[in-house]
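Structures are listed in the sections that come next.
Shared between the two complexes below is chain A, which pairs with chain B and chain C, respectively.
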Partner chain A sequence: MSLEEREARQPVLLLTPAITAVGLLLVVPLGFILVYSFWLRTATGADQAGFFLDNWREALSDPFYRDILLNTLKIAAVTTIVCALTGYPAAYFIARSRGNKALLLLLLMLPFWISYIIRTMSWINILGASGAVNSGLMALGLISEPLPMLYNEATVVLGLVHFLLPFMVLNVFVSLDGIDATLEDAACSLGATRWRSFLEVTLPLSLPGLAAGGLLCFVLAAGTYITPIVLGGPSDAMFANLVFEAIITQLDWPMGSALSLMLLAVLGALVLLYNHFLGMAQLMKGLS
Partner chain B sequence: MGAVSLTNIVKNFGSFTAVQRMSLDIPEGAFVSLLGPSGCGKTTTLRMIAGLLDPSEGDITIAGRRVNDVPIHKRNLGLVFQNYALFPHKTIAENVAFGLKFRGVSRDDRERRVREALELVQLPDVGSRYPGQLSGGQQQRIALARAIVIEPDVLLLDEPLSALDANLREDMRVELKRIQQRVGITTVFVTHDQSEALALSDHIVVMSKGRVEQTGAPEDVYTTPATEFVARFLGASNILEATCLTVDGDGVTVEGPAVGRLTLPRERAPHVSGPGPVKLAVRAEKLKLERPDAADTSAAGDLVLDGLVETVDYQGLAARYFLRVGDVQLQAINMIDSHPFAEGERVSLRLRPRDCTLLAGSTQ
Partner chain C sequence: MDNTKRYERLRERYMNGGIDRRSFLGLIGAAGLAYGVQTPFARHALAATEQVRFDGWGGVVSEAFRKHAFDPYTKASGIKVVDGTFGGGDEFLSRVKASQPGEYNIAHLSGVFDYARYHGLGLSSTLNEKNIPNLANVIPKLVDVFRKVTDGSLSCVPYDYGTTGLAYNRKYISDEEMKEKGAKILLDARFKGKIAGWSDWRTRIWYASLQTGQDPNGATDMDAIWDALRTHRDLLLKYWSSGAELMSLLAEEEIYVTEAWSGRVHALQQQGHDIGYMDPPNGFGWQECLFVIKGSPMEPCEELLNFMLAKETSIAVAEGQSYPPALDPTKVELGEIIPTLPAFDPTGTLDGLTFADPAYWNGNEQKWSKAFSRIQKGY
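Here is the complex of A and B:
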């Protein structure tokens, strides 16, 4: 084999393990789900194989599903905005601190060592009827009855921000860390205040990181089902809860499959739109 | 008072003193270089003038105004960095116009001044491009245009040529001098490269370990170094431990290894006041190598030494020789006439006493 041929083969060889894993663990199961979505669950509980559009018709026409989908997108959007507003300053602080960046990044990753579910449930001990906040306020005599703080949309957003903030901080940090700090000095020497030089130079150059972090937060938030179960009230169900409900509780695999593909399609369309307006190359630049 | 004045400036970083009691007066329109090895405090000094660092002690005035408490964006400075620091997301024209935006310059005026600045740096047609599309040398010209277009009181250059490769660096050096003379702007130039400092400056400030070693015109600093550090840092010098025997109206008589006894004109020993230990500095290019048989025609007063060529460092235009003279090793840099001398060859070294400099013996 000639050198050129070997070199031409190399990328394929290097990609093979990843392609195999993605194929077997993602594409093939997705194919099963797609097939399932056209089956039908009969009244007896058994699945009937075939090509039925009933599940899709119900999922696409019932306003119940549409409202929950819109609510899901709204919660994901609010979560993303809160993550951006709180994560950006933190990322800026880490990127500009001298010497102990590695330690600060380690601290940022620390929450990942604890299970996401445990972290989510910890809010019950803080905001619950006998949680830290209520006990404290009652001990101080400020209130006589525990305040109902849990199980609403705000606590769902709170839990999601708690979960997703490190993703945002990391993405923004990477892009801020790649910006030459002398650019701000140069802007200041030309007459810009620190704040103006941030707005003119640092912020636009860090947008790819902010965009990447935002996309990640939005997609992860929109696909979550644990946070609404643990911290949400009965009316705060998100779309993934419907999938969970259909498949685990009702054992209606065909309907669950159709719903999960619907969510996948919506999020996929959003990613494509995002890609169209911001350019995946920009995101990649922010990540590299 | 000059365009920029530093008075007893001290800068401490924790227990480390980066700049120790520095005073400097830079005349209007002058090109002043801060020259020294890395860690000598030259960049720290520049950053204090720029307002990127606060001096621990002392005063800084720019154009007669004390600026210690004036933030960088109100100092009206032009700052050029080693890595160009152009804004990568803005076009060249936007980069150059950046400072004008904050000075209330109208749009038409802005466009005209940007055009003039780009013409000044001989890149009139790149306004719509992005910094990433220009070469390093072009980017540095744009950085210079961006700094000059705001008509700053002082232009501060932080090793602006260091990131360029050798040939380009020399071109840019000429270009920088041309632009500075044309605009007539007071310039402070930080460099570790002695040839840049010698070629560009009206005044050189040689710094070492946070102190000023010597200040003067390039020729004075080069030909009459005040300290051993300056003698070693600028060019190549032989430093010999010698003893000063007498100081009188005729000159200064010293005795040292290899050179024996010789008498220097008084002005070659400005820092020696009486007998005692001194250092004799001899520039490598002032030691002229000759074939022993040709050495008889010695002019009166020249010192002629016998030496053995130990190592030859061939440089094309010139060669650097390491020679054994008695029990000391000397280096000499001579232009090559036809062939360089060969290793192992016996040569005569000719030295004029007035080309030597006596340094006070107490400096390390």
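Here is the complex of A and C:
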């Protein structure tokens, strides 16, 4: 075998483990889900194999699913915007700090050491009727009865922001860290104010990181089901809750498969759109 | 039964003249041949029966099982009990459906309707009742309903019973008001934002039947039920989905009233919370069983069931989880604490409790669970 042939084979050999893993753990299960979505659930809970379009017809035509999907996208969008607004200053501060970046990044990663569910449930002890905020306000005499702060859409967004903020900060930080800080000084030396140099120089250059963080936050928020269960009220369900209920509560795996593929298609389209305009390179950079 | 015991029994039969010398030697030879052939595989099989998996409701219930049943059983038999938890029967059924036979062994199922569903999906086994002599002490009514589903045989043993009644904070709601309003207290606009409810569709429809004056095992006006469910939803703080969440909501005074599991409320009362509990007329009675799933190692499972039905174990577990045991109080002396537990029936007839009719509930499960899911989300 010639050197050229060996070199040509190398990528294939190196990629084989990854492709095998993706094939077995993602593509094959996805194939099963696709097949399942055309089956039917019988009255006993058993599945009826075949090619039926009933689940797809219901999922695509029923306004119930459409409305919850739109609500899910809305909650994910609000979460992403809040993450961007609160995460950017934090990332900027870390990127521009001198000497203690590693420590600040470590602090940013600290929440990941605690289970996501426990982190979500911690809000009950903060915002609950006998939680820290209400107890504090009552002790100060500012309120006579606990304020109802939990179990609404705002607390769902709050829980999601708590979960997703580090993803946003990390992505923006990577982007800001790669920008030459002297560019801002150059802008200032040419008469721009600090704010103007930020708006005209730093912000545009950091947009790819912001977009990558936004995509990650949006996709993860749109696929969550724990946060609405723990912190949401009766009508704060998200689309993943419908998938969970169809599969777990109603034992309707075929319908659950159709719904999960529907969500996958919507989020997949979003990722493709992102890739078309911004490319995946920035996302990889942020994740590495 | 282990091989040594089998050999000793065979030898005893031979010594007593039960079988002739030729048959005895023939059986020993056949056993030796079988042992030689299957040894490599037997090791795995024996390892598998060294542990039994048990799945239950978690929280104080699991703690009681672990402390009073599993640990003593493991000490006595050497068989380890691995215990898992689930939030509801539906969730667990989904897990079992996705598993391999033998992966899940015994489950603490609630209601005859769950038993019927598992049987309908081909997940039932057939217990050898000779290996469970303590079954004779169980309330006959609890056993008979299971036999009817599985044509006379059993895939489970009844273990405890309880009710899903109404729990209320006495600081805000008096006993008199509860008696007067019954199930309709859950629709009282005065408590808007301080009412909760279990996210289980059966319980919701059961209570909506009571609120609309209908038979919970035979409602005819479903529109009235959906309306009651919507009214309840609009007054609700949230639907709870586990016993731990129920206890937290009541204990933290996030809610003042909800329907609740009798044992969990008793546990809260024991902790000093001033939570009242009442079963409205036709309140939701249920019995729980220890269900052996098809593909499980039967003998160790039967041995564990028998151990758990022993008087001492049953009483200790019942006191720990605050649900009366399935043991017949007319046959077994249950001590001083059990008669004080909510829903306890000293007659052993359970005539005062209304149980769910499995045919009615399972027959409507597909349609109603979906309908409730929509109402729950604001539709």
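Just so it is clear, the second predicted complex is superposed on the first by the 276 of 288 C-alpha atoms of A that agree within 3 Å, B and C clash if a C-alpha of one lies under 4 Å from a C-alpha of the other, contacts with A are read in each partner's own complex, and residues count from 1 in each chain.
As a working rule, a residue touches a chain if its C-beta (ideal position, glycine included) is under 8 Å from a C-beta of that chain, and two chains touch if they have at least 3 such contacts.
Note that this is a predicted model, so its numbers are computed, not measured.
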Check your understanding: With chain A superposed, do chain B and chain C clash or fit?
Key -> fit
Exercise for review: Return first, second, both or neither, reflecting whether A:Leu183 touches chain B, chain C, both chains, or no partner chain.
Suggested key: first
Practice item. Examine A:Val201 and indicate which partner it touches, taking first as chain B and second as chain C; both and neither are also allowed. Key: first
Practice item. Have a look at where A:Pro254 lands relative to chain B and chain C in the superposition and call it first, second, both or neither. Key: neither
Point to revise | More chain A residues in contact - chain B or chain C | key: C
Exercise for review: After superposing the two complexes, find the smallest distance in angstrom between C-alpha atoms of chain B and C-alpha atoms of chain C.
Suggested key: 48
**Study point:** Residues of chain A that lie at the interface with chain B and also at the interface with chain C
**Key:** none
Point to revise | Residues on chain C engaged by chain A in the complex (per definition of touch) | key: 88, 90-91, 93-94, 97, 117, 120-121, 193, 201, 233-234, 236-239, 241, 248, 252-254, 363, 365-366, 369-370, 373-374, 376-379
Review point. In the complex of these two chains, what residues of chain A are touching chain C?
Key: 41, 43-46, 64, 68, 124, 128-131, 148, 150-151, 229, 232-235, 237, 241-242, 245, 247-253
Check your understanding: So in the complex, which bits of chain A are touching chain B?
Key -> 180, 182-183, 185-194, 196-197, 200-201, 204-205
Exercise for review: In the complex, go through chain B and note every residue touching chain A.
Suggested key: 50, 52, 71-79, 81, 83, 85-89, 98-99, 101-103, 143, 146-147, 150, 156
